[in-house]
Structure formats: structure tokens, C-alpha cells
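The data blocks that follow each hold one structure.
Each of the next two complexes has subunit A plus one more chain, namely subunit B in the first and subunit C in the second.
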Partner chain A sequence: MSEKPVTGERRVFMTGNEVCAWAALAAEADIMYGYPITPQTDIMQYWTRLAPKFGRKFLQTEDEISAGFTTIGGVLAGKRAFSATTGPGNVLFQEPMSMAEMMRIPTVVIIPQRGGPSTATVIYSQQEVTMTAFGGNGEGFRIVYSTAGHQDLYDYTIKAFNTAWKYRFPTFVLGDGYQAKMREPLTIYDPAQRGIQMVKTEPLVGLEGTPGRDRPTQYLRNTYNTEEELYEVVMEIARDFEKAAPEIVEWQDFDTDKEMDVLILAHGVVSRSAQGALPLLREQGIRAGHFRPITLRPMPEEQMRRAAAKAKRILVVESAYGQLLKLVQQSLYGLAKPIDTLLRPGAGVTAEEIADQVKEGR
Partner chain B sequence: MTREKIALSPAMPKCWNPETKPHKFCPGCGHGLALKMLGEAIDELDIQDRVIFGCDIGCSLLSWDFFNVDSVQTHHGRTTPVITGIKRARPELIGIAYMGDGGGYAIGAQHLVNSATRNEKVTAILINNTNYGMTGGQMAPTTLPGQKTETTPYGRDPEETGYPTLGPEMVAAIAKEGAYVARGSIANLRQLKKFLKKAIQNQVDGNGFSFVEVVSSCPTNWRTNAEATWSFVEKDMAEYFHVGEFKVPGQKEEK
Partner chain C sequence: MAIRMVLAGEGGQGVQIIANILAESANAEGKEAIYIPNFGVEQRGGVSIAFVQIDDQRINSPKFPKADIVVALSNRAVNRTRQYVDGRTTFIYDNSLVAAAEIGAKVMGIQAVEADPRSQRQTEAVDDSKKRDQVELPGEAANIIGIPANDIAKNELHPRVFNIIVLGTLLKATEVVPLDRIKEAIEEKLGDKFAKNQALRELNYKALDKGMSLVDRLV
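Entry: the complex of A and B
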């Protein structure tokens, strides 16, 4: 077998897409299936250049439906399989991901969000939150990590494989086109040297021995005959998801230990603008804090409520028209706090704009 | 097993799962015959512990626990990519994608076409019964001109809805050397088994894509008795869907 792609620790200056390809290599991903779409395509391009050197595989499929279902096939065969897509491609991915959800197939998909709806822009947005977390004809039993920068992309791409295989839910790394195309410094590392053990994969079909004789035959399905039968299956998934949620949720908070005039809620790259707005507001005597959910599904509801309880009001900021807002309203239900918004679908948000909104909203 | 049970058990392929028999297909349905030939082919090739069986949505999904081979039931039209994904990840396995004419020629046509173009080393088996059986007998890509279905109550009008898809002809036209393409019929089971065996052997040999369409029956939705069912399979369908091999690796093409 080939040598390790990343040994020790190394400081690098890379685009986010390149980071994802390196992270998948370091995470011992075996095979990538994908279909080109901007701004995701470079992940495939880096992967196809790097993968053969380390004995890894790639298949370019006919569309994203096929990319999703072949990824499922790779996982069923017991391999650490992944894909990447965005925008209209993410729409097509909802069909295979609903199957992964029902059958507990640990797929990993990296999504550098582009503008929506429809073809929109190839550049940037945070408009795929609802779809990535809750797409498909089900309840959204998925795990979604929202990254804020390149170190996150590296860390959480590796983590996504482990979370997926440990809990057996389809797992997503939700970035955006800015992170995908921008270069940033970060540290790449061999996970083993940081004590990160990759969760062992196992086949769901093609097990050792003759089925029906040496072992039970694997019969995997997503079709059920009666309401009662389906109800039991979905409720079991729901129980497992709710049980795992407290172990999975991640968040960051900034200046939320004291009473606040305002708590800024933002995720992903917008969180960095929110972090930038805090000193600007402090200078003007406004006591502001910031809460960033890292997992959007499951949402760190308790932690968010705790922070929100200490603030006079809430400001939700996102590069979408109310997708994070809906999740926040759901998480903070019953907490009597006014919610102000800065919603910029498909457009970036600066620290100054957030600071201005805070002042305007007073 | 009790003596009585042995006496009552009909001969079935070794790789069948006896606990799910009798199977759930309608009386007179061709799926059972096709799956029996497939079972015998798997037995004779001695590959039970390497086969991954994928089935589509529609009547074909009733085969999800049919064999004692690891099986996965997928989505409508998506069996070919799931099996392709498995095969790409673990080439030592033998992937069989089992589907109906709707799954292969309509909703999953892009997967059939592109798997054939890429010469994926998987075996696709498609049951052609000229209608969507599970949903109650609507027009399929294979419905014959003039044939009445629930969505062509006055008969299929080719002016409005086109002509029946000729799958093996299409796949043979786009597939390259190494592919195996044939059309068999439940009216000739020995020949059908031969085609299925060659299609699987072709994958075992690592040659390329293998595709077998099976001319089959659906008396429930055709509303035909035994005589009329066989007449439709052997005359009406046979006239349009020519049985034979369309592409054989290392051989001049024959009809």
C-alpha cells in the first residue's frame, strides 16, 4: 500500500477545495464519486490528481443522482466513500440522500454552497441550509457541519467520516464558494498523530462466507408494506438520532458569559464577520456577543438558548433569506426575545454591516 | 425439514431463499421464471457468495429477499448506479442490477446509457412486460402500438407517445467491445438461461457491461387468460422485440 498522504504537521496555503481533497486523503477515504459543478469541481480535480498516488479511486458519473447512488454503493461495499456537490447538484442529491437516511448509510458529501434558487450564481451563498439539513421526503436525520474557514474544512472533513461511520447517518460538510475558492493558511496533519482514530468501516453487502449457510443473508430495503411497519422504523431512527445529538452538537461562543445588549447569531463564513463586529461594537459601548452553531443539524439548541437568555435581543445574520432564522426561531421558541435580522441571500456580509445593523436595530 | 415438506417442495435453485417462497408475484407473471433462470445461472456458475443483487422499484422490488445472496433494494431507476458504485469499490464482487422496463428505459435511462458507454463491469437484467405493473398497468416505454393500458385507454398512439423502446438494440449500438447484449424470452427458458449465464460470465471475465432484456408477461394488467397471455408474449411481443444476441465479446455481431 502507498505511503501516508500527510505525515506529521505541515503549514500550507491552499484553496478550500484543495483542503477538502487533502482532508479526504488524510481521512483514508477510499473512493470519490462525483459530477462537475462550480464551485465544487476543484475538489474532484485535486482528488483525481492525488488519489492514484495513494491507491484511491474515482468515478465521474453521468449526473448527481448517479453520483449520490454510486457513493451509496461504495459505502454498502464497505468503503469510506464520498462525494461533493452544490446548488442544483445538491437538489439532485436529495434523492440518494433520502435513501441513505432511511437505510443508515454513512455517506459523506462536501457542499460548497453557491447561489440559489435555480442555477443562480456559481459564487457564494448560505442558501442550501434547509436543503442540506432537511431535504428529501423525510425528517432530516442527517448531520451537517457548517465550516467557517480552511482549518475547519480540513478538521471537519476528517471528522465527517468518523461521525458518519460511528452514528450511521449521512453527513455533510457545508461550506461555501468563498471558502472553496479563497486561499488561506492552515495546518494539515496526519489524524493519527493527533490521536484521531479513523472509525473502522464495514461492508453491508459482500460479507465473508456464503449467505444463508455460513451467515445470515443481508437484505437491505427502504420499502415497507404497512403504516405500522414504517412507523417503527422511522421512530427507531428518530430515537437513535436524538440519542446521538448531544454527542454530536458543536458550537462556538464569543463574549457570551455576561449580560449582552445583543447576541449575534450566524454560522459558517458569516460567523467571521460577526466575530469582527464584536470589537467595533465594544468601542461604541455596546455589549455584544456572538453564538455560532457549527452543527446545523442537530442544532446545539440548549447552548444557543443559554446564550440567548443573557441577551436583551437577538440579531440573526446570514447569506440567505431566513434559513438560519427558521432554525433559530425553532431553537429559541418560548424565549421572549426580540429577533432582528440581517438577511442577504447570495451575498456576503461584512463586520461593518453587522455593526451598523446592530446600531440601527436599537 | 420433515419428510412431508421435502415431498411438497418443488425443485428450486440452490441460491433461492426457500423461506420467502412461494414468491409474491402474481400468477402467470414472468418475473418468477426469469428469477428461476437467474438462480440456476448463479448455481451453475457457483458464485452465490460473490453476487450482490440489486433490485429496482416496481414489481421487481418483490425480489428483494428472493435469493440467498446479499441484496439491496434501491430507488426507481437507481439500481444500476448503486450496483456500479459497489462494483467500482469492490471489483471482486459480481453486481447484478434487476429492474423493469420503466426503471431501465424511462426514469433510469441515463444510468443504463452511461453505464453501457463506460462499459461498467456489471450485469443489468431488465424485465419487459410492456407496462408499469406495480402501479396498476400504465403505459411503459415498451408498450406496443395500439396496446391498451390505464394511461392509453384507447390504445397507444405512436404519433402521440412514440414507439416502444428497443433496449438491447440501443445498448448494443452504444456499447463497445467487451459488452454483452441480448434479449431472451420467458417463452424459451433454456435460451434465456444461456443468455443470463453468458451475461454474468462476461462480468466475471472482466470484459465489460452486460445487458439482458427479458420478454415477459403481465396477465393481471393485460387482463388476459393463459392462452391470450402466451399469444401476446410469443406473437405480438416477439414481432416487435426480436430475441437473440446483439453483442458478444470477441464475436461478429449476430441477430
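Entry: the complex of A and C
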């Protein structure tokens, strides 16, 4: 029952949703809570098929609000708990995730983005960036990893549990419908054999002993009476978040070590198209680089600015109508660089289209 | 070398299975491969479409503008895949299913499609369904291969191996993956069923051979 689901390393060829289920198993996740929605449902289906073999659990709830709150409940009980949702389901998740922000509850949620607004498509988009990073009635004290493919899905799903439990912020793995449904090769591995130790979990309620006598009192609150009280609490969370940010931020850059005619900014699966555009542009004598933020929250601002400073102009590419763009503008504020865009809400972007846009923008 | 493929047909024709077999055999061959099934609302009563890419290097974007190989197994599939065809594309279709208009007779087809149907309504006495159902093949393709896979499957083998015949033709015409790998992938997919019924294996291999015999040159 308790044998390791993944031993050693092996190359596999599977869908992204299946990858997420394997990654959660390898990360020693105890329980998944969820409510079905395309293109996320297969994560639940793979998990329910695999989990019982390794003594893990699953609870299907009546909706996404409940899925979010039960995930919080699992974490409060000291379990490495996670969920997965997307689109309209992600909208409903915002209430529980605000609570997780306020009470510093290390939930992990996998989001294979679908098209929006509203029901829209069940296929693909990058339109849940703002919601995943800043949704709810809070300040966006969350950690968001934007994955670009199956190896990322495996690596960052495992990492999300550790980041969440180490820093105690709700953590998200932001994928998309393409990554969820497509098959491509990757290497799955036992985290321990790569030197990745899972951060120990512990219950946040129901602790032994009398509060105030045997142990410090646990204050798990999301309700406050005065402005001053709330202000203190939120500012403390803000300070913790700012302090942790430099340790959390992740990025990748490509050909950004020299002066560039253009720096292409893209995240997630679109980053792959940007990487594919670089050789196409090089053939045409255009010096192009690419910067990919892996964490969208916190954003690797300093690193992005450093790359952008070396470019004559910026091109922001995303499958949304300016959600990454806003974060980029915020990060690069004060840097006098023209910003061109290729915004394709709910639609994929190919390397060829990015290369064409660069040529047009010259 | 990168190979990009689009396969499309009606639900139940088995294009997703062929796509999956192609991608898995390429992966088994040690190549990089990506397979995206369509899974939109189209799945319910629409054209089923699959995107496959095979490369020696890591593949960038999962989607692509033009394909090296396009397989279309119904009239609607021809129309749905037209956007992926250019001067380098090998276009494979089932000529026992797709009612192709003469490529030279483009004008006829356009008139039938573009005219306002209300002004064109025929009296019941005139049956023009044959003409209306015709679809124009993408004339810009580098190669167009028509095979009567559906008829052969129905008359000579079994309707269920229709897609394997198509796969055979695709392999023969393009050599995109070695035949042995394809057989391994089929074995992996259907091994359980083969174990129970040996005749099934033979039927599938026969379909593969038949498909390969339908085209005699490498494009």
C-alpha cells in the first residue's frame, strides 16, 4: 500500500493531466478534493484511479466553492492537500483562496486554463493570469508557477507543495488546456532521489495540550474587528511575502546576454513559441531574445528589467488580452522602451506568428 | 527533421487512434513527439481533428500554421483542414467517402456554396444532392492521394480497420515512422485484445499492408 509510486527515473509519454496526478503522488500528496470541469477533470480521474493503490484519498465535493474550502480543511488537518480547477471553477475558488491568503494556508491548486470570459471554450487560453495571481478580495499573496510543458508540470507540481508549506502561501500551478490534453515525453522521477525533500506538513488545528499553557495559542482568523487590527495583519503578510519573493521567483532567458533589437516576453506554453521564433528571426538578421517569467506571482521584476534594458523594444505575446502585459508594464515602469504586443485571447500562438509580428513591428 | 501532421475525420472513424499510434511510435523511436486531440464542442457531432508533431529536437509550439501531411476522411474534414495545406503538403483523403469536385471545375463548386440558398432552392423533382455535397480538394497541395479505404475495409476486411488502412497509406507515402515501431505501438494498444483473439492481430496487419499497397511512391 505504501510503496513509492515513482522509483528511479523513467521516460514516459502521457497527457499533462496524467502528469499532474503522478507528480502529486510523487510529492506525497495525501488527498485531492475536486469538482469536475473540462479540461481539468482527467486529473481527478487519474488521481482516483492511482491514489487508492498508494493509500491516498479523494473527495468529490458538490461544487468548486466546497472543493476550495475542503482543500483548506485538509491542510488544516495537516494533510498535503490539493485541488484542480479552471475557468468558471477558478472563479468560485476565489473565495476559499482569499481565506487561504488571510490565514496563510498552504493549499495547492492546479489550473489548466480554458477560454473566457464565462463558459467560453474548454480548449485553451492564458486568460486566468489576473484571477489566479490576484483574484479574491485580497492583495494577491499567492505564488503562481506558469508551466510550459509536461516536464514543468511534473517539476512544478512537486515544487508547489514545498513552496506552499515552506512559505505558507496558497500556491498555484498554472497550465492550460493544451498542456492538459496533449501527450509529450517527459521524465518522471522520485523527488528524494534527486535530493528533493518534501517539506514536512503539520496540523494547524486540534493540536495537543491546552493553548496558552502547554503551547502557544494558534490564531487562525479571517475576521477582524478594527481597521488597525486588520491593517497590522495584512501588513505582516505583505512583509512576509516581499521577504520571500526573491527566494521564490523563477525565470528563464534565451539569448538575452547581448544587445537585442527586440525582447520577446511570454509565459507558459507561449514561451515555447517565443523560443521557436528566435532562430527564425536570427535567419533574418534580427537580434531577438526571450524572457520567460516562470513565477507570475511574485514576478521576477529585477531579472526582467535587466533583460529589457538591453533591448531596443519589447514584444509581449500572450493568449489573453493584456493580462501578462499589465504585469510587464508594472515591472518595467520607468524603463523607456516601446512595447509592442501580440495579444490573442483564448487562441494559440505559433513561432511563425511571433516572428511575423516582430518583423511588422520594426 | 520536423514533421507536422493534421488528421481529421468524423467521430468514430478513429483518427485520434492513428494520431496516438504515430506519436507513441515516434516517442518509442527516441524522437520528440506531441499529440493534441481536439476536445472542444466539435467532439460532439463535429469533425474530430488531431495534431501530431515529430522532431529530432525539442518541439516548440504545440500548434502550427501549415502541415506536411494532412489526412481528411470526410467532406467536412476536408474543409476543416484546408487552412493547414500549402505548397509543401501531402494531402491524403478517402475517395470512397469524400465526394471531390473536379479540381479543374472550381467555379461550379464555388457557385453552389456561395449562392444564397434561399434563391437556389430546388424543386423536389430535381435531386442535386450529389453536386451539393461535393467538396473541393485543396489544389495547392504538393501531392494529393486519394484512397478508397472505407470501401476496402467494408468489402475486403472489416469496417473497424478502416483507420489502420489509412495509417498504412500514410506510412508508405511518407515514411514518417518505421513500420516496426508502428506494429509495436499497435501491439501495445491492442495486445490484450489480440491475446484473446489472434485473428484480430492478423486483421490489423493485413489492413496495414493493404493501406501500404494503395500507394506506390514516396512523396
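The rule is simple: the second predicted complex is superposed on the first by the 350 of 362 C-alpha atoms of A that agree within 3 Å, B and C clash if a C-alpha of one lies under 4 Å from a C-alpha of the other, contacts with A are read in each partner's own complex, and residues count from 1 in each chain.
The rule is simple: a contact is a pair of C-beta atoms (placed from the backbone, for glycine too) under 8 Å apart; a residue touches a chain by one contact, two chains touch by 3 or more.
Computed from a predicted structure; not experimentally measured.
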Clash or fit (per the criteria above) of subunit B with subunit C on subunit A: fit
Touched partner set for A:65, first subunit B, second subunit C, both or neither: first
Touched partner set for A:130, first subunit B, second subunit C, both or neither: neither
Which superposed partner A:184 touches (first subunit B, second subunit C, both, neither): second
Touched partner set for A:73, first subunit B, second subunit C, both or neither: first
Greater residue coverage of subunit A in the superposed arrangement, subunit B or subunit C: B
Which superposed partner A:45 touches (first subunit B, second subunit C, both, neither): neither
Which of subunit B and subunit C A:352 touches, first, second, both or neither: second
Subunit B versus subunit C as contact partner of A:252, first or second or both or neither: neither
Minimal inter-chain CA distance - subunit C and subunit B, angstrom: 29
Footprint overlap on subunit A, where subunit B in one structure and subunit C in the other make contact: none
Of all residues in subunit C, those that touch subunit A in their complex: 20, 23-24, 27, 32-41, 59-65
Subunit B contact footprint on subunit A (complex, rising order): 30-31, 33, 57, 59, 61-63, 65-66, 69-74, 76-79, 81, 95-96, 99, 203-207, 209-213, 217-223
Contacting residues of subunit A [partner subunit C, same complex]: 13, 38-39, 121-123, 177-178, 181-185, 269-270, 272-273, 275-276, 348-353
Contact set on subunit B toward subunit A in their complex: 17, 48-50, 52, 57, 61, 64-65, 67-75, 78, 81-90, 93, 110-111, 113-114
